[in-house]
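Note that chain A is present in both complexes that follow, paired respectively with chain B and with chain C.
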Partner chain A sequence: MSKKKLGSFALLLLLILSTALAACSSDTGDGKTEGGKTADGENVKDILVFGRGGDSTSLDPSRVTEGESFKVTVNLYETLLNFGEQDTTINPGLATEWEPSEDGLTYTFKLREGVKFHDGTDFNADAVVKNFERWANGDAEKFPYYNSMFGGFKGDEGHVIDSVTADGDNTVIIKLTRPQAPFLKNIAMSMFAIASPTAFEKGDDEFERNPVGTGPFKFVEWKPNETITIEKFDDYWDEGLPKLKKIIFRSIPDNSARLNALMAGDIELADGINPSDGKAVEDNDKLQLFERPSMNVGYLGLTVTRPPFDKVEVRQAINHAIDKQSIIDSFFEGRADIAKNPMPTSISGYNEDIEGYEYNPEKAKELLKAAGLEDGFEMELWAMPVPRPYMPDGKKVAEVIQKNLADVGITAKIVSHEWATYLELASKGDADAFMLGWTGDNGDADNFLYVLLDEDNIGSNNYTYYKNDKLHDILIAAQTEVDEDKRNELYKEAQEIIHADAPWVPLAHSTPLLGGAKDLTGFLPHPTGSDLLSNVEFK
Partner chain B sequence: MLSYIGKRMLQLIPVLLGMTFLVFMIIRAIPGNPAQIILGQQATKESVEALTIKLGLDNPWYIQYFKYLGNLFKGDLGESMRTRAPVSDEIWPYLAATFELALFAIIIAIIIGVNAGIISAWFQNSWFDYTAMIFALIGVSMPIFWLGLMGQWVFAVENPWLPTGGREQVRDPVNAITHLYIVDTIIQGRFDQLWQVFRHLILPGLALATIPMAIIARMTRSSMLEVMRSDYIRTARAKGQKMFWVVYKHALKNAIIPVLTIIGLQMGMLLGGAILTETIFAWPGVGRYIYDAIGFRDYPVIQSAILIVALFFVLINLIVDLLYGLIDPRIKYD
Partner chain C sequence: MSEFVPKADGIAVMKVEKTVGPWREAWNGFKKSKVAVVGMCIVLFFILLAIFGPLIAQEGINDQVLKDRLLPPSSEYWLGTDDLGRDILSRIIYGARISLWVGFFSVIGSVVVGSALGIIAGYYGRWVDTIISRIFDIMLAFPSILLAIAIVSVLGPNLRNALIAIAVINVPNFGRLIRSKVLSIKEDEYITAAKGIGMKDARILVSHILPNSMAPVIVQGTLAIATAILEAAALGFLGLGAQAPMPEWGKMLADSKDFLHSAPWTMIFPGLAIMLTVLGFNLMGDGLRDALDPKMKS
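Take a look at the complex of A and B:
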């Protein structure tokens, strides 16, 4: 009898399972079927679901520094000037014309007319002045980016902006205390977006969850760690834009799961595709691969205060010892350029003429001998614990570097900490050699060379504690040099000094990858990582 | 009974107090300045200093701790350093998401686990017993992220039956009232959405249920085997009772007590959030909330969220203890 009972039990189980599965497969209200409609009757092909790694922290761009927030706000707000579609050249934005004075101290902006904020408030010179006043009266904690780009706040000695005044309804005049070469580029950064004064005057904390700008899309809903929904702003000044009705930003933290969601059709655009998955996306006939123009650098930093890295020969030896090409071939799948300078080639002022340290273990050994270390030495090699576009797999790259160093007699022990700990300890100078990288904010050389390698930034972004007085003078001079050619010469010289002192082993400028549905058109990934989606549609 | 509950509640206070102290000290022992992490690599030194002072992190630890305790007694869980929103507002949607998923997973785990355990014990050493126990062994040792990704691959990518992740069909979002989407869709009579929400629960629910299911099956089997050998079972069988009733009524009642303990512990753990499952299935639960908070050194969030999760853990165990008395009248509380 037991056998019989067992048989019927098994049968029952099978029955339950099969009904469950059948129920799942006979789905209709799925919404991802082509040309289908959702319950509200909206055409599905007017809606884009954009999968990305994290959630935004705030929807007030002036209060944050983190990229996931700007990905959304760039579609909600506009800046006085815009970056180019896929570069960081200066283009008209909310200002149609702009005119710097001879001495570089006064800028006159002509504003676009007939522009409205999402809440119906008129966009005019008065609104621009109120936005600048709001920032200038803040503090470093509230508006961190304003502080770093404009040297402080009202009353501070370093504050670059002297005054912002309205001249009539459609002209704004900005006066500076001293010339600032990248001023226009700074103005174009997404964090200096012009927001509706009516909205932010209600209170900052209220505003950052209920953003109001002039952008092509307006805010609908935010479900933390899940989705942010924005929809077409009907009164947008640029006729015919945006083309989509709705965009839903979805956080899917795991890269493989996000790729699965893309392949299953749950999302139509996926940020952060692993280089190793690039080929799978290209080979899939329902998908297409997008390459984001590179504006980053991944490097191995050598803390110059820690012996033996205080010796320049040792740093140069390590530069010669590392086989960058094989790292790029194996872990970036070839989707990166070898780096020889601390900034990517697309940035003006890049020094083509510098000859990178070639892979040459023999030369490395000679240099070590010259430093009196022919028997090698032991060191710690810090591997990044998190994947970043400029370093997709820190631990594996570290293993290659470890092997390269062993070839020239250096014994490297790989060390890794949790990310926040890693940054904290590295900024204190606790690492012998550490992997790190940087993605540019505004495509200006200052944003790489000064921020990462000047002595002013020791303890913050200059993790190597590298200090060179001559370099410092050049970088400071370049900040106020308004003549573009002269400025580029200064930066070229700066790169020569850095190259000779070798505080870094520049490794790669990577091309971050995105995947999208085949019928998606008009998507142009921006090097800053914040993509304007007003031209995107399905065809 | 009531006095017993009262006593247990009183015992909670020192436990939770100790917890707040431990968590407070541990998260401050790990390196990393929240102000620096929140502002990011791009921030200047002045920004970091200003934020450090604003967050009160320049005070000595005991002042910070007693301030935190004082606020806690006023019912103030603090404000997230990163998002600047009160933790008490922020945490509920995450808790609700976790609760819904955990409940779904534990129900699956109980139904399959308990029955598999009973049948295995009933037909000890049969092929069912062996297969079930092999599956249970695989279940406890299965890496969840692998299982999750494979589940997505098979049931969402290759065969488009289920969604790859998330809680809802994002193109037709649920209007959140209680944030328990099953409840919300029923209240609003949106049964099409209810079906979608249910479909979104299946894959993460199964992935999350795997380990508890295996543990419950093994526990039920061994507990049942012991009971089945006792004299009263032989008596029941001798009386000619149907085997099914002997097993499911007489034996199970005595065998279920240790299983209940395990279920309580498992449910408590599931409520703490399952970081891997939540990450793979993009589930906005409390596990990822705490995990992200640790990454950002968002002290108020870590402290308060862990405190709430711990409270749930203890409460569930209290409920389990009370259930013993309901099932077995020999167990009395006074």
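Take a look at the complex of A and C:
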């Protein structure tokens, strides 16, 4: 009898437990729909759900180099200078006026007055100085992009920024150790956004989860790998902006799932529309298609420190082995140009005269033979797990490359990791060959060639560990050169060196596509991939 | 009644019963079920396909003709092409090899290990039984596919490890089955007799208990092949089984899910292949159970 009682008691317990659990799960379910759009979407539609391929890795833009983070932070923070709406010209931002000195070594910025951070802290010259101090005292691990753009940190030989000082409340003076031609463009990049000193002084790790800036939107919550919610900042200095009340960035890694969500009305804006789905979006009368002005490159990086990729013949052989045209025809539906240089054609300094490695398996085999590898070799081919603007379907393209390599006798094993791990391991030089890409952040050649291929950036953005002293001298000279024509000549020469050394297989410059609801207005996709959404609204 | 039956007939009946062995009898029972025979035919079809596939499939399975990507079924490509311009028919035929290979060998693996553990647990009882049975319980407490994913994550994603994972997750099923069978058999008189004449444990286990507990294992084994194929496809779909460019059915499904609207054939045919094989094994397994299980006999 007692056993029976025990049994029924257990059953009862189980029932209670499962009811409780079920209640829990329905709770989160409700939370989601509320977060979605039904909450008060009935009267005025003022909540935008922006579907994208991946989650941000950090909400402190200075600590990352990765686009999904900037996509959010560009709306949370502001920079001293802004880019144009759809280009990379220099416009006023938190600084209303700026003045370079004659010798190009001193810049004076007049700051906008009456600006407040989301936490109530005043924005002033002091805050700007504190931000620059924070970066200059860091290291490449912590602030990889600062390292790339300003040649190191305080005390380093290559460090460009000599001092940042406040002159009164509303003037900041930045002194450089040497002229830097793209300096103003660098300052306008979203990673050099001015954050609230009160917030980041609480600790970097705390800050990257609770960002505080001066932007049109303020941070609400972050559910990792799910959503990031930001809402209108009521005390924003620009009256009438932003127009939306709330934006929810939702991660939907799968491109077609994201498109389905857009079609179903679960999201109103979708990044990373497959080129093959572009037509379907155009034909759908509830949707509109946006084309992001192209400023990117998708490539296959060859880690030059890992044999046999230390041999230039092997790298050139791989360049000859890959059939880029077929890849572009098949996976980009013509919405991409074949790449031969590490930077897109739209950027000044692009070397038109370079003849790209043509698809020629025979030549590839010859080169492999010259390297003593006529019997081929085995390698790992890393493919990104998430769709990127410069590469809509990395794993599929990897399969084509795998086949191309097999044709010349190279056995490639496709390897993929979770996105953050992928980037981390690749940056440590653990991959033989890895697929990656880059979207320009300031529209300058420096932002491609120096950032991605200079020896200064090994360990931060130069994942191939490619090192060439002559190239380094040219790139540094180009940074310092203020004369536009001379500067372009230097970059052209740099591209020749890179072409000959072949640390990359440049694949494509794509035109990324976005899809949006028909009633969405004011959305202008920015070539950098970080879209300021303060003008967006529903008609 | 028998008294009144003419003698000659009686002898005839006796004779028939004598010549029919247990296996023959099972086969006769199996034959009676049309559904089971259909199942067996499907299974045989896929086995033949796997063995002679390379002769039928002319196109190289990994030949990419990118200009011919996502073509619908036609006289040139009977089942169409996938997104890399590969012939789907060839890939499905080769895929049969992979799936059946994984199905058979993972089940053989779990039968061998499961039987050994089950027999030991059932025959020796006491603490040996407790330990082995609790291990089985623990393993059964996990959803099997989750356990498989965990095993593959530890070992690294490839086909061999997927096979191992599927074998491991099925061990407790066979182990428990055999154990229960052994528990009943070991009380039988012939076992007592064998013990009585001083037969060694090992010999009793191998020559009496094992053969007598095999019938349910065969049934369960056939059904388990079906689940194993499904599990392999699931792992392949999740990217944890066969790796590119292997034409594993689950992986083919995963590769084609983006083209559900624009090129449904890339998904339908591998899906059908999985469905048919699994159906075949299930029907055959049901038929076998009816034929081998004495309780089901009317």
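Please note the rule applied: the second predicted complex is superposed on the first by the 318 of 539 C-alpha atoms of A that agree within 3 Å, B and C clash if a C-alpha of one lies under 4 Å from a C-alpha of the other, contacts with A are read in each partner's own complex, and residues count from 1 in each chain.
Please note the rule applied: a contact is a pair of C-beta atoms (placed from the backbone, for glycine too) under 8 Å apart; a residue touches a chain by one contact, two chains touch by 3 or more.
What you see is a predicted model; the values in this text were computed from it and never measured.
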Worksheet item: Touch check for A:Thr65: first (chain B), second (chain C), both, or neither?
Response: first
Discussion item. Going by the contact rule stated at the top, is it chain B or chain C that touches a larger number of residues on chain A?
Written reply: B
Worksheet item: Is A:Tyr466 touching the first partner chain B, the second partner chain C, both, or neither of them?
Response: neither
Item to complete: Figure out whether A:Ser256 sits in contact with chain B (first) or chain C (second), or with both, or with neither.
Response: both
Worksheet item: Touch check for A:Thr421: first (chain B), second (chain C), both, or neither?
Response: first
Worksheet item: A:Asn225 contacts which: chain B (first), chain C (second), both, neither?
Response: first
Discussion item. A:Thr57 in the overlay: touching chain B, chain C, both, or neither? Say first, second, both or neither.
Written reply: first
Item to complete: Have a look at where A:Gly265 lands relative to chain B and chain C in the superposition and call it first, second, both or neither.
Response: first
Item to complete: Could you list which residues of chain A make contact with chain B in one structure and with chain C in the other?
Response: 254, 256
Fill in: Residue ranges of chain A in contact with chain C within the complex
254-256, 274, 276, 280, 323, 326-327, 329-330, 393, 395-396, 398-400, 402-403, 406, 413-414, 416
Practice prompt. Note which residues of chain C are touching chain A in the complex, please.
Written response: 62, 64, 66-67, 69, 83-85, 239, 243-245, 255, 257-258, 260-262
Worksheet item: For the complex, which residues does chain A have touching chain B?
Response: 1-2, 5-6, 9-10, 21, 24-25, 27, 29-32, 38-40, 42, 44, 47, 49, 57-58, 65-66, 139-141, 144-145, 147-148, 152, 205, 208-209, 221, 223-227, 229, 248, 250-254, 256-257, 260-261, 263-266, 418-421, 423-425, 427, 438, 441, 451, 459-461
Response to the item:
chain A partner, complex, touching residues on chain B are 30-33, 35-37, 39-51, 53-54, 82-85, 90, 93-94, 119, 122-123, 126, 128, 145, 148-149, 152-153, 155-157, 159-167, 169-173, 176, 190, 192-193, 195-196, 199, 202, 243-244, 279-282, 284, 288-289, 292, 295-297
